[in-house]
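Both of the next two complexes hold subunit A, though its partner changes from subunit B to subunit C.
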Partner chain A sequence: MLFVQVMQGVMEGIFLFLIASGLTLIFGVSRIVNFAHGSFYMVGAFLTYQIYPWIAEGTALGFFVTILICGLLVAALGLLFEVFLLRRVYHAEELMQLVLTLAAVLIIRDVTKFLWGLDDVTVSLPDALSGAAVIGGTYLPTYQLVMVGVGVVVLAAVWGFLKFTHAGIILRAATDDRGMVALLGTNQAHVFSSVFAIGCFLAGIAGGFAAAFESINYLLDTRVIVLAFIVVVIGGLGNFYGALYASLAVGILKALGLLFAPRLSMVIIFLLMAVVLLIRSLRRTTE
Partner chain B sequence: MAQGDGTRADSETALQRRDPYAINWRLVAAVVVLQAVLLVVSPPLVVFALIEVMIFALYASALNLLLSFSGMVSFGHAVYFGLGAYGLALSITHFDFPIVLGIIAGPLVSAFFGLVYGILCVQLTAIYAAMLTLACAEVTYAVVFQWFDVTGGDSGISGHVPTMLGLAPHQFGLVVLCVVTVAILMLWRVVYSPLGLTIRAVGQNPARAAALGHGRKSVQLIAFVISAFFSGVAGTLFGIFHGNVFPDYVGVLFTVDGLLMVVLGGLYSFGAGIYGAIVYKLLDNLAAHYFQYWQLVVGVIIVIVVIVSPSGIAGLVRRVVERIGRRL
Partner chain C sequence: MDRRTLLRISTVLALAAGLGGAAQAADPVKIGYVGGISGACGGLTHSAVKAMKIALEEINAAGGAAGRQIEVVWRDSKTKPDEGAKQARDLVLTEKVDLLTGVCSSSVFMAINPISQQYGVPLVSAISGTHKATVDFGHPFVFQTQPHTLMEGKALAEYAARQDWNNIVTMGLDYEWGRTTVKVFTEELAKLKPEVKISKQLWPRIGETNLTSYITAALSEEPDAIMGVLFGSGTNSLIKQGRSYGLLERTELLTFLSTESYMSLGKDIPDGVHGWARGPFYALDSDKANAFIEKYRKAHDGEYPNDWGMLGYDAMYIIASGIDAAGGTDPEKFRQALGSMTFDTMRGPLKMRMIDNTFNAPSYLGVTKMTDAYPFPTMSDVNVIPGDVTLPSEETVKALRAAAAK
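For the complex of A and B:
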């Protein structure tokens, strides 16, 4: 029972990681706290619902291709948002940036309602992924194992990108000191746009995988964004690896909380975030 | 010598010129009379809308004290709004307070929580402080939502106070008008008093304010408590208006409403909360009536405000008034 619940937590943690890693990368480089990230995730989920039947319903390959396409579409949407709107407020005060992304939440939600209605929709899992595997005497859904695999692949890909590619080096440098990167002759606008698109791509594929796992509706955005924020804050804003640990911790804590103290599970997570924030502030003042 | 005369003459004309921070009583009287007339002559449905606008004008103005002047962002201000209503309800249902004392208790409960949460939140700055206000708000919401024995959980509390105190809608509207007017004038006095000057200084440049001997934390804490108190006044009025209280009053939607109102109204001006509440509630009531996707409308308007005119409606009003003033 405990093991099953922990696995459930790990899977939720991986979802969270896919969302939160994009959020934290974007914040690290452009200092934008993107409330609309949950909305991009939701769009990814609905697009998967829409496109999957067109590609090849029922096959695992079609499923992955669909999710890839949806990720790219969401990245394109994010890019449009960044280029036409967000870019204009990089120099405005923080609150303006927050409110602009909040406005995007409202707009995307109503457009979603208009396109896909108010009811829950579901995506049926491809047969190859819908079974269960026996590990150590307990049944685990295949899909959970697949998600763990996906998490590892994405983590490896982003890690490799950050570590070894030229763009990754620029990205890390920009997180560290964006002014210096600009001085060294890199076009900041391109860096900001690409990192935003990458973040949205991650949110989009997360939404795609979530669509097959739970029923989706227009309220998905707020449900997800708050948890993602908690993860990002606990992991340290802009800290990619911090987001990894924090999302696994929050995922497992939430799953165990549901088992032992279902009424308090969210409270515990928020308290964790508050404690982490306060401890960090103490450390900063003593330095 | 001549220069000395010049400065004295300058200061005299400055004295004769109106102090821009003094309360413009003529304007206040005009608005109050206009609003009172509207309340008396309008049909009940419109009166309800007007009452809601007034209550939210106070709530948004209290939030605006933080956002525009103190340099803090609160992502959980509905807590202080909602706890006003809960303070009223719980003091009557659990402590058998008479209604009058309950009404006083509401804002005080808000101020108390403003103090407790404020002490935590001012330890941090910028987005970190904002995230901590969110954490405080969510914990409060969870407790209110799940402590069924005390708060009634999801079904809230009702029947503790007669809806609108048993008054006719326009009578209650006049009561709300009095309370909100006094409260907003008090907020004005706060912002443009020496204390307000300190708050604004800290909001604009904490380092320089600190160099002048004003620590950021204590000043921001004072602003936070004042803001929580007046949010609580608004929440208490809201609780009386509907005669009930639900966990939603503490929830994230009311927080977002307040934030959007202030930004619509125009950051960095005192009137932001008032203008924002009027326009936002107008959209809410009208657009929602005719158009299912009214949040889309709000979203687009906010995008336009942020991109094209960051000073919001207040900036627009200021420009129009200046232009008319130049013509006259």
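For the complex of A and C:
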């Protein structure tokens, strides 16, 4: 029983990581608290709903192709947002940046309402992915295993990118000290734009996977952003690996909480956040 | 008196008469609608608004109520209590409406209720489920035309007692509606069938859509059935995600399934789920219902009305008939009129009782099945549990009111 819930928690955690990783990457480099991240996720979900029937509805391959396309479309949208709007407020105070990303939330929500209406919509899972591997009475749903796989691929790709490529080195350097990177002659604008696009790509594919997993509507943006922020805050703002540990911790704690103290399962997560913040600030004051 | 004076007097008289007549004809009944057109209720309410507009057109074309046309001022509560209260107060004080209707979420209903009481403006709730507004904090001018939580909890218990279920896990959304329905269900089932064990109670938050951890936690009890008090995206997620856990092979599921869930999930709802609903259009086979459904579909690209549409249409007719019988909008006369009539609604003949101004609205329970009739599954073998069975007793109403007054 314990094993089932822990597995469940890991699967939920990896999915959370897909959403939160983009958010934390963007913050790490550009110091922008991007409230619109949830909106990009929502756009990815609705685009999947829209495009999947045109590609090859019902097939697993068509589904993955759809999600890839949606991820790229959302990345393009994010790029437009970054280049035309966000770039202009990098040097403004935080409040201005917040107002801009919040405005994006509201605009994207209204456009979503206009295009897809108020009703819940869902995407049917392709049959090939809707089953489960049953091991000794434990159900491990295929789809969630696939999502774990995607999470691992994303993790490996970002890790490899950060560790081994030139661009990755610049990115890590930019996270540490933006000014120094600029002084050394790297075009910051390119770094910011590409990271923002990558973050939006991750949000887009996460949304695409969610479309087949749950029910989507125009309120998805704020629903998701809160959880993503919890994860990012626990993991340390801008800390990519921290986001991974935090996602897993949140997923597993929630699942175990439901088994032993159903009424407290969300409280436990917020307690974790409080404890992490407390320890972090104590450490800062003692140093 | 010379001719000029006579002319003047008669002109004034004629003008006065003309004005008076014009004023009377142009003096419509004004109804304020406050509902969750956007926000959490948005996906449910839009159909209710469309349906109420159709009812309004029909009523006005047939001469209105008490010889006056009905005019509705539409306001969006954004499904937020403070916004709903603000809109309701503005409707009463600025727009000077004679009556309030609408509401969707329980919390908004509770926020508008005191305004209706304070200003003595009748409030007819068309689609909000809480019983607290009419029972616990009821006052003479608040009315409810759909089954409330006490009634639904009991209807669910009645249905569950008829099944071969001895071990049940409940999964109720963590707010007023979910909590109360689960509580009443548990209490009533204990009376009807004491041997049934409720082995676990789970409370997903409203808006939570990854329910997989809840599903595995529920299945770990190896229950005979899971009783879900979820709606919209909650219900959809439970059914979708449950599928890959073999939920329906391992247990049975009873959950709130109103028409918009069938529409959005389509064939993803497997056959054999026990659903419950408040106004399923496909199960209401009367001339009145059929005529409305046809009209609604013609006006909205072949879309079917959801449960909330059916309830909204009924509510608008109940309001108009009440005003008609009361000869106007005097709140006390309106209440007396509602209490003394039988309403021919799409859900059959309904009556209101005077003790808590609630209608004996039925609950609908059945098992899902895909048929050729609609592009989505519907409930077959629908059990209609009449409101007369589920309405709380007078003693219960009095006890709840006494407790609330403390």
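Assume the second predicted complex is superposed on the first by the 284 of 287 C-alpha atoms of A that agree within 3 Å, B and C clash if a C-alpha of one lies under 4 Å from a C-alpha of the other, contacts with A are read in each partner's own complex, and residues count from 1 in each chain.
To be clear about the criterion, a contact is a pair of C-beta atoms (placed from the backbone, for glycine too) under 8 Å apart; a residue touches a chain by one contact, two chains touch by 3 or more.
Keep in mind that what you see is a predicted model, and the values were worked out from it rather than measured.
S.K.: Kindly classify A:Pro141 by the partners it touches after superposition: subunit B alone (first), subunit C alone (second), both, or neither?
M.R.: In the superposition, A:Pro141 contacts subunit C only.
S.K.: Of the two partner chains, subunit B (first) and subunit C (second), which one does A:Leu258 touch, if any: first, second, both, or neither?
M.R.: second
S.K.: Is A:Val233 in contact with subunit B, with subunit C, with both, or with neither (first, second, both, neither)?
M.R.: first
S.K.: Once chain A of both complexes is superposed, is A:Leu277 in touch with subunit B (first), subunit C (second), both, or neither?
M.R.: first
S.K.: Please work out whether A:Arg172 is in contact with subunit B alone, subunit C alone, both, or neither, and reply first, second, both or neither.
M.R.: The answer is neither, since A:Arg172 touches no partner chain.
S.K.: Figure out whether A:Val89 sits in contact with subunit B (first) or subunit C (second), or with both, or with neither.
M.R.: first
S.K.: For A:Phe213 in the superposed arrangement: first (subunit B), second (subunit C), both or neither?
M.R.: second
S.K.: Where does A:Met266 make contact in the superposed view: on subunit B (first), on subunit C (second), on both, or on neither?
M.R.: It touches subunit B and subunit C both.
S.K.: Mind sorting out which residues of subunit A both subunit B and subunit C touch, each in its own complex?
M.R.: On subunit A, the overlap between the subunit B and subunit C contacts is residues 113, 263, 266.
S.K.: Report the residues of subunit A in contact with subunit C in the complex, numbered from low to high.
M.R.: Interface residues on subunit A, with respect to subunit C: 1, 4-5, 8-9, 11-12, 15, 113, 118-122, 124-125, 130-132, 134, 139, 141-144, 210, 213-219, 223, 254-255, 258-259, 262-263, 266.
S.K.: Flag every residue of subunit B that touches subunit A in the complex, lowest number first.
M.R.: Contact set of subunit B toward subunit A: 67, 73, 120, 123-124, 126-128, 131-132, 134-136, 138-139, 142-143, 146, 252, 256, 259-260, 263, 267, 292-293, 295-296, 298-300, 302-303, 306-307, 310.
S.K.: If you look only at subunit A, which of its residues touch subunit B in the complex?
M.R.: On the subunit A side, the touching residues are 33, 85, 88-89, 92-96, 98-100, 102-107, 109-111, 113-114, 222, 226, 229-230, 233, 237, 263-264, 266-267, 270-271, 273-274, 277-278, 280-282.
S.K.: Provide the residue numbers of subunit C that touch subunit A in the complex, in ascending order.
M.R.: Contacts found on subunit C: 38-40, 42-43, 46, 200-203, 205, 207, 209-210, 212-214, 216-217, 220, 232-233, 236-237, 240-241, 243-246, 260-261, 263-268.
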